[in-house]
Every structure is written in structure tokens, then in C-alpha cells.
């Protein structure tokens, strides 16, 4: 297969091959009545309108909106904008196209760290839990949902909202959790269990598609309650899991958002729950500021106000300000 | 046993017999070093400070704060207020003192209707559910928690916060539910199931003591999530209970408060859920206004502002207002 | 006259005849200096840009923006979009074009029920009022404003914001009012009077044009206060109308929005007023959810978040969810 | 009659004569079964509990709670506090006791200025209105409600909440209104009419008793809407009063609170309405700060936080602060 | 030089000369690879896209985005819109092009009054300050920042957000300050000093470019704290400036926004501070309403809701409303 | 001197010696006209009313309200409560009474750690700052304000509101600051400087009396702006302190509260400022929960709702909950 071209490299008249996320796909009629496919394709570098005019019946069932696709085509210009004429298109997966260079990270934003390294480090923290019930609880849950935990985003539109964002967020909290637990003299095992499990419901709330969206149970129940379900279900299979300990784990999950209007049905009512909430919020806010800086496209040292904080964020160094200094 | 005297009938010097809720109980020392019991007693008509000076060792283990008690004693005056000198005191229950006139309704506020009649009527509505899964779900849960459902309040300090208030509130919603479901063309069975189960978690959230308070799981988990647990647990024992139907029932319970800041982790997302929330709110608000009128002690036709609504409520008829009419 | 074509049926090159709402109308110059009319036309199926190039002086005074118009013309394409070249255009009314098929319901969204049937049913409820003063008050007002009540929307952009929406909304509340009044043991006549009159000020607040907007007095005074004016004015012509009863009717109208920030200058201060508010809100919210479902254009079973509730609404049946079920 | 003693001058054992507001009055039984009157009396200097033990049947119908009373009695001590034994008591009015020194200003807080002078000055401003319709409107209304306008407070618990407070507040706004109208180039007559009439509804909302409280129509309708009623009623009797001018006056009154949650059903929608609101708010806030300073009882230069602003207010001069200055 | 053409006078094919604000400037490649300049130009009458195709290397360093520019070019049409082909372009300043008619007021919105006259009047008010320390403080600061005070806007997007808006706003407050200070019996000198200095920090917060934006210190510190810095710095150079007086001036500046969420770190704590805040808010709100009316482009007597107040504002006279009058 | 008795050990009839905070002191007349001192005394164990009847003229000038006092007296009972008859009273200081056991920690709540140890540890962290300007800035400030930093509370009524609370709070943040700075990859020196200086303004805002209250400049300016003043004043004396670095330090201090309504005039605009705010909030909230648990007096495992969080906090271990477990 020829080399891959990303959308930001498209030029009028060029023949290209590439991997994209098919964001929209509609079967339409030309004014003359022929069928064609009207699509929107996206990769990490941009987005483009694409049309497939020929062999529509052959290609239309090969892929759906939301799929990763491999495409061959030709770039032209329509109404002063670049557009892609698709010649061939098919679903892309790591199995089928990995050897040709396909990697989901090409078409959707992803965490910066290496997924496997992050997973390995996270597992090492789980081994440090001393309480045998909590250790087996976390271990069992992480084994059961390993696949999702490796790739899930931590949210659809907020913090860590990219491939493996949930893993990155959890690991980040884990790294600072033990020290903070000791510093504030709270139960380390309980806090760390809270960190590992607080967002576990996201594996059910957010669909595992490339284009993250809410599942039916995500819409109806939500990750907070679904996460507690996972903890209860697994704990109930662990012999003699203490009832009071489970209630505390449930509360950790239910209260981790910290406020009712962030959809937590309870506010933190013991020290580990409060600290879990504060670490979660710290990690989310720091990530949101780093994203605001990364994603900003303004010239100069200040971002625009179009970010989570609704204020300009300082991106770089201040020039020396010599007001009044003369 | 002699006739019962209620607190509002106490007079200086009188010997009395009566049933009370023991609100507080403390073992204290007199200045001369002797032990005595310092208590607060309450019935539906008022509240009084009580002391037991003699045979303390005999009586002090016979009852606890929170118990219904049967008391014999003598009324005197201390620092210009009536006070009860207790001679005999013991725990009262329907079993032991019912024949002497004890009824919990004497010592704690209770719903106005007859509990058994209300229960019977409620059961008749359950039988009207057509969907066999929903009918067996509600029937099983109401059988399991019959005892609590007969006496529980619907809240600790808000609407229907009195003995059998939960039953009264649920029945009230039931009576209007079928018509409203038909009027708005929604699934009657689903709405009625929502009405029956929306507050079922209160049987776990609120302790069944005479003096209502929150249980540990009430504090940590809350009635919304606990109620969903009850529905899931029972549904899982019903053969072939449809998964999608259960999800809808769960959502009905989770979203019935309607807003995040009333501790619902989800807002209503389908018509039955929205209507359930609106009926629940209507019934609560109407009850709160009726309570505000009943409990007000101001003279005149307006209540004070010390009620849920923070405004004066019109209690009776307006006098004819002839301003400007001459 | 030839058959009517709706906007969603327009095809390039077709000659069409149809009825539309003229949303915008501007007299403009072509680059060569000739006059032409630049218009936006709308019907229930869509919206289109239209131009009239010839005989401008003949047609330009025949109609205004906001009018229902009958149009003959030809569809062509400009800048890749369909556009209508108007050949003939005139104001349409039921009197002049009814026999050719004109019906306001063709060009503006309308209530689903038959207007006359709804009106007839509403009148039957008025007759059930027992209090003679209230009955004559409502009867007189409904007689006086019959024309507006038949066609007015209940709001400009919120609930029941379509032709005859006010009638539909009032009837809907009426149908459930008597039962709810009895259920909560409030004065049925007073509640029903409140239902009939609570939004009567809308006949003055909203202009009766096809494209609803606010009148001057709507902007300056508002429907709540204007509605009370109507009640007072008519009551003052009824011999011996009791002063205290009128004050209650006034309060019902003034407080029906329930909260200051929804522009009610008073909160409900007696039971009928509170129940009126709750029924009004219930009917509005149920209508808003049904509208959100009807108007949504997303694929799948969930609406977008672009609705009154700012959350996805479940439009259809859940697929069986088998998570965890294996 | 002997000289008057105010409550702050009461001493144990003293015989006193004085004028008071009877804040509470209850007919009660002594422990021996005799009737007595239990009262709370207040004047500008303080408040005291009072009892009348003898000739109860003679005195009990002579006055009511809320009345100004003339009292003769004797001061003693009960439970370590001063208490008044009433020997004689009767209703006091300017007619009957003015010559003995009775003045309502002795028993309720009053505006500082001389009422008649304030009224005279206010009338002079009315004469400056140029628009003949507005001048006759304001003149007629002020004539009709002259008695109430002379003594009414401007609110029950907020700004200018004392005898003649409404007059003082209106005059204060009037004094700055003309200049501000010219400065902001708005219609002087319209603004001044707004100033004169914005709070006119208070004469109906607040009862004219010494102890201000809300009337029935104040509770049900409120001063904003009642004030507009007064303006409309009078304007309708003025020949050819222009309809558009009246609508503007109505809007001035309806919108003067400026925000929905201060019970204005409309926000200011033209310049005179906005300026009226801003002047009203300025005058209210300045009065509230001056009251906070006047009523504060803390030692030192800062008030407590128990005032409208919930912050300490600087009452006097700062001592020279020399921190860091050495 | 030929006569100046403003953007609203541009016609297809015309050769024009004019002065504009260069809002955007990008160096881009044509599809054939040649460099060109892609610009957005603006004047008081509108905005247009402009391209410079030839001699790019000669012109591209002559000006930057944000500059005032003098342009010669030719108007043509692209994708149905007017566009300017720039032939010559250079930076414009009053020094270099004033004699050809350049005036910053041509390209950015400006206060209506004559700047020099306003400045002269403002200076006359400063002279009226009696307290010698305050007079020298204000005089020194106004001398130091005279240049900025002549041209600065009072805000970037809110009230008085145009050239010389700060001067206009301060002068407006000054004109009403003395009378209001006397009316409310507060220290005139202190209030007037507050008026002169409350927004002085804006000369540092807002860059003095034609296109107003925030400076680095504006973003990091803000005009409230920067303004206090200016007052302290100058006061410290005045011999024997009383410490307590300076603290009051500091508080006036810090608290003038009146509320924490408008970025004042303190609420007004004495009368002059409260009155300063109220005058500032009055002047800002009146200006915002006048701007809303001036800038509105709707037909009819009502503005759209797209203004600071989010409501329609009455722009002109009401037509006679004869509802109900027949 | 005899041994010290604390208030919780007082018994009727006992002679006592002790150290107390004199919370209130009033010179009053007995009913017979003699002078006496009426006082409220407090120590860490409780509060009591005290009277000095003899030698009033000798003692009344020896101490003031707010002083630490040494007292000899006798306990009796008045109106059923213990009261102290003071025989001798004088001001207590460490200098004069330290050898007799006086320690401010006896009479006001204090941080748990040893002040000198905490100070030493804090100094060791200052030495770790690498940036020479920041290190000298913090070192100089901590040297200048050492005395206040050793004993100041961190607030008057909120978190760490006890003797040496500011030191305890700063040290707690310091201990976790370096790790968190590294974790989030921000400038360690800048963050640590922010931690050291964020609350430095409290040494001026809060008076150093035993009974903490706000100074005049605390009331007028506030600790946020006063703290920035301290940083600027010291930095300006450090040769070549970089202007941009100082601006960042200023912003750290100004924005550390994170939100406008907590009186920060700016929100955090770079990563170190955001992290500083989050650490500050974490430390404050954890302290508030620990205080809520420590200060609660309810029986059982749940605190009352009368704490910062307005919810019950779990104080101890849950009993095993066996609901549903049978």
C-alpha cells in the first residue's frame, strides 16, 4: 500500500491513501437521480467532505458512520473548498490494516503516554493495596474490564476526553494518592480503591466506539451508579467481603463528583471520600488547563476565552513588562 | 390503669399517667452527688422536661431515648415552668400496653387516614397493573416490605413527615396516576410502577424508630439508589424479566426527584419519568401547603412566613375587602 | 387552480403553485440597478429563498412580510441551493383561497386536534362551574375573546407555541382539573376558573399574526397583568360580583407562573393557586417533552440535547440491553 | 397628667406614666385561676413585659394589640428582669391625648424631617411637571391619598421602614430626579411621574397601623400591581389621557424594581424606566447603609455584620494606621 | 489624494481610496504557490475582505494587524460578495495622514463629544476639590496619564467601549457627583476623588491600540488593583498624605464594582464607596441602554434581544394603542 | 501559686485559680447603685459568667476585654447556673506568668503541632527554592513577619482558625507541594513561592489579639491585596528582581482563592496558579472536615449538620450493617 496522507496534507489534484474516522455517511440522490454517498471524514489533523459517485451499491454496506475506514481517492475543489472523491473505501481495523500502518491514534486524539506502560504501572499500584478484600476487589474488576480500561476516554466532552484518557486520568491520580493519603492521615487502601474504581462506570456509560458517545444505560443510569453496580457485583462474589467496607466503597463511588449538581447523589461524608473528590477534581482541572493551552489556536501568549475556564490562559512566557519601570 | 393525661392538660400539682416519646434521656448527678435521670418527653400535644429522682438504678435500664414510654408522675413548677417528676416509667408497645390505650398515634404525628384502609386501597391499584412483569415486581416488593410501608414517614423533615406518611403519599399519587397517564397518553403500567416504587428506598433510608432519622445506609447511599437496589434485586428473581423494562424502572426511580440538586443523579428522560416526577412534586407541594396551614399558630387569616414556602399562606376566608369600593 | 406543492417536494426546474408564509420581504436593487423582491417563504415542510424579478411594481404592494401568500413560480438552483423564482404572488386568506385549499395549518404549525371540537368541549366544562359569578365571568370573557382563543398560540417560543396552542393547552388542563381539585379537596370552581383565565392575557400579549410575536402591551405589561385586567374589567360589569372572590381570581392569574423569575409578581398563596400553578407547569413540561421528541431529527432512539431540557430524550424503545447478561 | 417616662428610664419600684405601642396582648389565667392580661409594650427606647392583674374585665376591651396606649403603672422585677404592673390603660390618639404629649413619633420610629415641610416641598415638585396629563394625574392621586402619604412607611422591614418613610423616600428621589433626567437626556416629566407614583401601591399594600404589616390585597396582589391600578383608575377619569402615555406610566410602575426576583413582572424597557429603577435602588441602598450605621450597637468604628449588607460598615473615622509606616 | 470612500459606499468595479483598521492580516499561498495577503479591513461603516496579490514582498512589512491603514484598491465580487483588491497599503497616523483626512474616529467608534472640550470640563471639576491632598493626588495622576485618558475606551466589550469612552464615562459621573454627594450628605471630595480614580487602572489594563484588548498586566492583575497601585504610588510621593485618607481612597477603587463576582475584592464599606458604586453602575447601565438602541438594526420600534439586557428595548414612540378602547 | 483549675472542673463552692481569656468586660451598677464588673471568661474547656464586686476601682483598669487574665475567685450558683466571684484579676502574659504555667494554648484553641518544630521544617523547605530571586523574596518576608507567622490563625471563623493555624496550614501545603508540582510538570519554585506567600496578607488582615478579628486594613483592603503589597514591597528592594517573575507572583497571590465570589479579583490564569488554588482548597476542606469531627458533640457515629458542609459526617466506624444480609 502506498504511503498514507493526512488531511492537512491534501492538495488539489492529488491522489491519496489514508485512514479516517467516518463521522457522517448519507446515501443521497444526485439531481439526475443517481445514488451517491455523501460523507464527512476526519483524522487527527482535520476534517473533509467526501463523495463516492461510482460503485455505490458495492461500497455502501462495507462501512457505517462511526467506523474507522481506509480510503483511496482524489482531491478536488468544490465551491472554493477541498473535497475528496472516494474511489475505494473499507472498514479499517488493527487486525486487517495494522501492518499497513493503521493505528486508532491516527484518527482520534489519544493519551500521550504508551498504553501498555501505563497499564503496567497501574497494576503495580494495585499490588500495593494491603487490605485483602479491597485488593481482590480492584484486581478482579480490572481483570474483567481490562480491554475497555486500556482504550476508554474519561469523558465525552470534558477532561481526558480522548483514547485511553480514562487510563491516563486514573494513573495520574494513583501516582499522587498514596502520599496524599499519608499526609492527611486517612486510610490509604480505601483512598486508593476509590481512585481505582471511581470512574469504572465509564466503561458502561461511554460506548467503546472511536467516536465516544453515551450508551443507553449511560443515558438512563449514569457512570456513577453503574460504577457502584460493578463494585457490588464483584464484591458479592468475594467470600466474606465485609458489609461495612463495601458500603464505604459504594459511598466513595457515589460521592466522588462532590456536588449534587455534578450528578453525585451524595456529598462526601468521610475523609477518604472527600480526599478522593478533591484529587479527582484537581486532576480534571489541571488536565483541562493543559488541554486549553494545547488546543488553542490564537497567536500570542494568551489563549482565547473559548475553553472550559472561559478566561484567557497564559500559554508561554511573559515578555518583560517594563511599564512604569522607567 | 387510670385515665391518660396529655401534656397540654398538665396542671401544677396534678398526678398523671400517660404515654410519651422519650426524646432525650441523660443520667446526671445532683449537686449533692446523687444520680438522677434528666429527660425530655413529648406527645402529640406538647413537650415537657421530666426528672426521675428515686430508684434510678431500677429504672435507668428499662428504656432508652427514642422509646415510647408509659409514665406515672406528678407535675410541679421549676423556674416558672411546668416539669414532671417521674415516679414510674417503662417502655410502651402495642403488645404490652395497647389494651391500656397505647397507640403510637398518641405520641407522634400520624397520617389522618386509617392505615389498613389505605393499604387495602393501595393493593387494589396494584392489581390493576396489566404488564405481568411489573405487576409481580410491585406485588413482591410490597409483600416484602409490608410492615415498613404501613408505618414509615415519607421524609424526616419535609412533606408527609409523619407516621404512615409514605403510605399516604404513595396512595395519593396512585389515585391520580391512572387518569393522568391516560390523559398524557403514556404507558399506564410504567407510570404506576414508578409511583409504587419511587420512594421504596425510604424503608431503608429512614430508621423505623418513632423519632425518624437517617440510617447509616441512608446517609451513605440514599433512598434513591437504595430504592433502585430493591427493584433490581427483586426483578432479578423474576423469570425472564425484560432487561429493557428493568432499565426503565431503574430510571424512573433514579430520576424521580427531577433535578440534580435534589439528589437525582439523572433527570427524567422519557415521558413516564417526567410525569412521575411532576406528580410526585405536585403531591409533595400540596401536602406542604396543607401542613403549613395546619401547623401555623398565628392569629388571623394568614400564616407566618416560617414554613416551606417562606411566604404567608391564606388560611381562611378573606373578609370582604371594600377598599376603593365606596 | 393546479395542485399545491409543498416546499419539501420542490425539484429543480419544476413549476409550482402553493401557499406560504412570507417570513421576510425586502425591495432590493440588482447590480444593474433594477428593482427586485428578495423573500423568504415558509410552509410546514420547510423554508426557501424566493425572488421576484418582473412586474415588481405590480406585486410589491400586494402583500407584506408576515402575510400568508399564494404563489406561482419556478424552482431553480443558485449557489448549489434550490431557490424559487416567483411569477405571481398575492395575499391568501380563508375567505379568498379556502376553496382552493388554503388553510393556515398548511403554513404554520398547528395543534393536532380539531379546533371546533376542542372549543365545544371547553365550553362544556365552563357550564359545569357552579358558582354563578365565576360561571358568568368565564362565559363572558370566552365570548368576548372567542376569535383569538380559537387560534392563538400559548407562547412565542416555549410550550404549545403553535396555532391553537392556547386552546389545546387550556383544554388539556381543564380535562384533568376537576379530578385533581376533588382529589386535593380544593374549591373546584375556583381552580377551574383559574385554568380558564390564567393565560387569557396572551390574547393581548401575542399578536394574532401567523408569525407570533409580542405586541407593544405584551412587551410593556405582559400577559400576567393583562390577563388580570381582563378579569377585573369583565367582573366589574357583573352585578354584585363579590370583592373577595375577585381578589382570589386576580391572585390565581398573577401567581400562576409560581415563581418571581418566571415573571409572576406573587407566589401562590392559597391551595387553588398552588394547584393551578402545578397543573400549568405539568401540562407545559409534558408538552415540551412531546415537542422535543416530535421535532428531533437525530437518527437513533435518542434526541439531541438541543431542546428545552438540554438532555437527550428517549424517543423510542430501547433495544434489549444484554450487558452483563451473558 | 404627670410627666412621661420612657422605657429606657424605668427603674425598679418607680411609678410611671407613658405612651406605648401594645405589641402583644393575651388574656390568661393565673395558676389560681384568675384572669390577667399579659402584654408586651414598646416605645422608641425599648420594650418591656407588662401585666394587668386587677379590673381585668374593665380594661380588656378598651384596647387591642397594635394600638397606641396610655398607661399608668409600677415597675418591679421578676426573674431578674424589669416588668411593668399596669394599673390603668387606654387607647391613645392624637385627638384625645395630643395635648398630654402623645405623638406617634414617641412610640414608633419616624422619618427625621418635618412631615409638613416634606409634603410642601413634594407638592412644589409636582407643580413643575409640564405635561398637563401627567401633572393632573399625579396631583389627583396625591390629593386622594394625602393622608396615607403623610404617614406611611416605605416598607415593612427594608429601607425607609418607619413612619413617613414613604414620603421621605419619594422626596429624596424627587430632589435628584430633575437633574438626572436632564443629565441623561430623558423625558423629565415621565421620570418625575415615575418617581411620584412608583411606590403609590404601598398605601394599599401596607396597613396604616402603627405596627406596619401587609394588608390582604398587599399579600395577594402586591404594591407594584396595586400602584398601577391606582394610576389607571385615576387616568381613566382624565379626559383624553393619551393611551400610549398611560402605557408608559404603567410600565414605569411595573418595572421599577428592575428584576423579576424583586417581584417586578417586567424589566425596564425604556430609558426613563431604567433611570427610575436606578434612582430608586440608589436611594434605598443609601438609606439602608445609613440605617445600618444608626442602628448598630457595637463598640468601635465598625458595625456588626447583622445588617442588610452582611458586612461590617465603617461608622466613624479610621484611627491613623501606621502599619509599615515606620 | 482623492476623496475617501467608506465601506458602506463600495460598489462593484469602483476604484477607492480610504482609511481602515486592519483587523486581520495573513500571508498565504495561492493554489499556484504564489504569496498573497489575505486581510479583513474595517471602518465605522462596515467590514470587508481584502486581498493583495502583487508586490507582496514590498507591502507585507509595512503594516500589521491592529494598525490603521491607508489603502488604494479596486472593488470586485467573489462568491456573490464584495471584496477589495488592494493595490497600495501603508500605515496611517494622524501625523502622516491627518492632512489627508485621517482621523481615528473614521475607523473606530468614538465618543460623541469633543475630546478636548470634555478634558477641559473634567479639569475644571478637579479644581473644585477642597482637600489639598486629594486635589494634588488627582491632579498628579491626571497629568501623568493625560494621553491615555484622552483616548482610552472604558471597557473592551461592555459600556463606553469606544475611543475616549473612559473620558466620557468619567465626565458623566463627575457632572452628577457633586449634587449627589450633597444630597446624601457624604464627603464631596472623597466621592469626587473616587469618581476620578475608580477606573484609572484601565489605562494599564486595556492596550491603547485601536482594537482594544487586554494587556498582560490587565489579564494577570486587573484594572481594579492596578488602579489602586497608581493611587498609592502617586500618594506616596505627596508629602504628609494622611495614611487613613489613602486607605479610604484605596477602598473606593477596590470596591467600586460593588460585588465580588464583578471582581471587586471588597464590597463598599462606607457611604462614599457605596455611592460611588451606585453612580458608576447608573452611568454604565444608562450607556448600555443607549448603545443597545443606537446599535440595533431591527425594523420597528423594538430592538432585538441581542443586547446587554437580553430583552427588547423600546426605541421610539409607541403608536397609539387602542385595544379595548372601542 | 496554687494549681490551675479549668472551667470544666469548676464546682459549686470551690476556690479556684486559673488563666482565662476575658471575652467581655462591662462596668455596671447594682440595683443599690454600687459599681461592679460583669465579665465573660473563657478557656479551652468552656465559658463562664464572672462578677467582681469588691475593689472595683482597683481592678477595673488592670485589664481589658480581649486580654488574657489570671484570676482568683470562688464558684457559686446563680439562677441555676455556675458563676465565678472574682477576688483578684490581672493581665497574664508569658513574660509575667509563664513560670506559673501560663501558656496562650490554655485559653485559646491552638494548632496541635509544636510551633518551633513546624517553623523549623518550614524554613527547610524555603531553602529548597532554586530560583535565587524567589528564595530571597520568601526568606526576607518570612524573616520580617516571623513573629506573626508563628502565632497567627489562618482565618477568623473558617479553616485553621486557631493559634498558629496559618503556620500549620502553610506547612501542610508545603509538604505536598513539591511532589504535586513535579507530578503536574509545573515550575516547582513558582508553586512553592505561591504556597509560602498566598496567605501572607493575613498577618495584616487579622489582628494578633488572642480573640482574632479583622483589622481596619483587613476590612478595607483584605488579605489578598495586602499580601500582594508585601510581596511587591520586598521584591522592589531586591536588586534586579525580574519584572515578569514578580507579575506572576502577584497573580499567584491575587488568584489563589480561585473564584470571584471568594474575593479573588482574578481567576488562576496559568498552571502554577491553578495548582496553588487547588492545593489550598484541598488543605482547607480537609481541615474543615477534621474540625467538624473534632468539634462535634453528638452521640453516635454521625456528626450533626451544624458544620461547614451542612451534612452529617461519619465520625467513626460503621457497625456491621446486616440489612438484607439474612
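As written, the chains take the letters A, B, C, D, E and F, and residue 1 is the first residue of each chain.
Here, a residue touches a chain if its C-beta (ideal position, glycine included) is under 8 Å from a C-beta of that chain, and two chains touch if they have at least 3 such contacts.
Treat the numbers as computed from the prediction; the structure is a model and nothing was measured.
Novice: Moving only between chains that touch, what is the shortest number of steps from chain C to chain F?
Specialist: The fewest steps needed to get from chain C to chain F is 2.
Novice: Under the touch criterion given at the top, what is the topological distance in steps from chain A to chain D?
Specialist: Step count on the best path from chain A to chain D: 2.
Novice: Counting residue numbers used by both copies over all numbers at the interface, does the chain D-chain E contact come out same (over half shared) or different (under half)?
Specialist: same
Novice: With centres defined by CA atoms only, which chain is the most remote from chain B?
Specialist: Ranked by distance of C-alpha centres from chain B, the top chain is E.
Novice: Counting only Cα atoms for the centres, state how far chain C is from chain E in Å.
Specialist: So the centroids are 43 Å from each other.
Novice: Can you tell me which residues of chain F touch two or more of the remaining chains?
Specialist: In chain F, residues 79, 216-217, 219-220, 247-248, 269, 312, 314, 318-319, 321 touch at least two other chains, as defined above.
Novice: Hey, which chains are touching each other here?
Specialist: The set of touching chain pairs is A-B, A-C, A-E, A-F, B-C, B-D, B-F, C-D, C-E, D-E, D-F, E-F.
Novice: Which residues of chain D touch chain B in the complex?
Specialist: These residues of chain D touch chain B: 31, 79, 204, 214, 216-217, 219-220, 233.
Novice: In the complex of these two chains, what residues of chain E are touching chain F?
Specialist: 216-217, 219-222, 224-225, 228, 247-248, 250-251, 254, 260-266, 269
Novice: Where on chain D is chain F touching in the complex?
Specialist: 12, 77, 80, 301-302, 312, 314, 318-319, 321, 323-324
Novice: Touching chain F in the complex: which residues of chain A?
Specialist: 172, 175-176, 179-180, 183-184, 242-244, 247-248, 267, 269-271, 274-275, 278-279, 281-282, 285-286, 289-290, 309, 311-314, 317-322, 325
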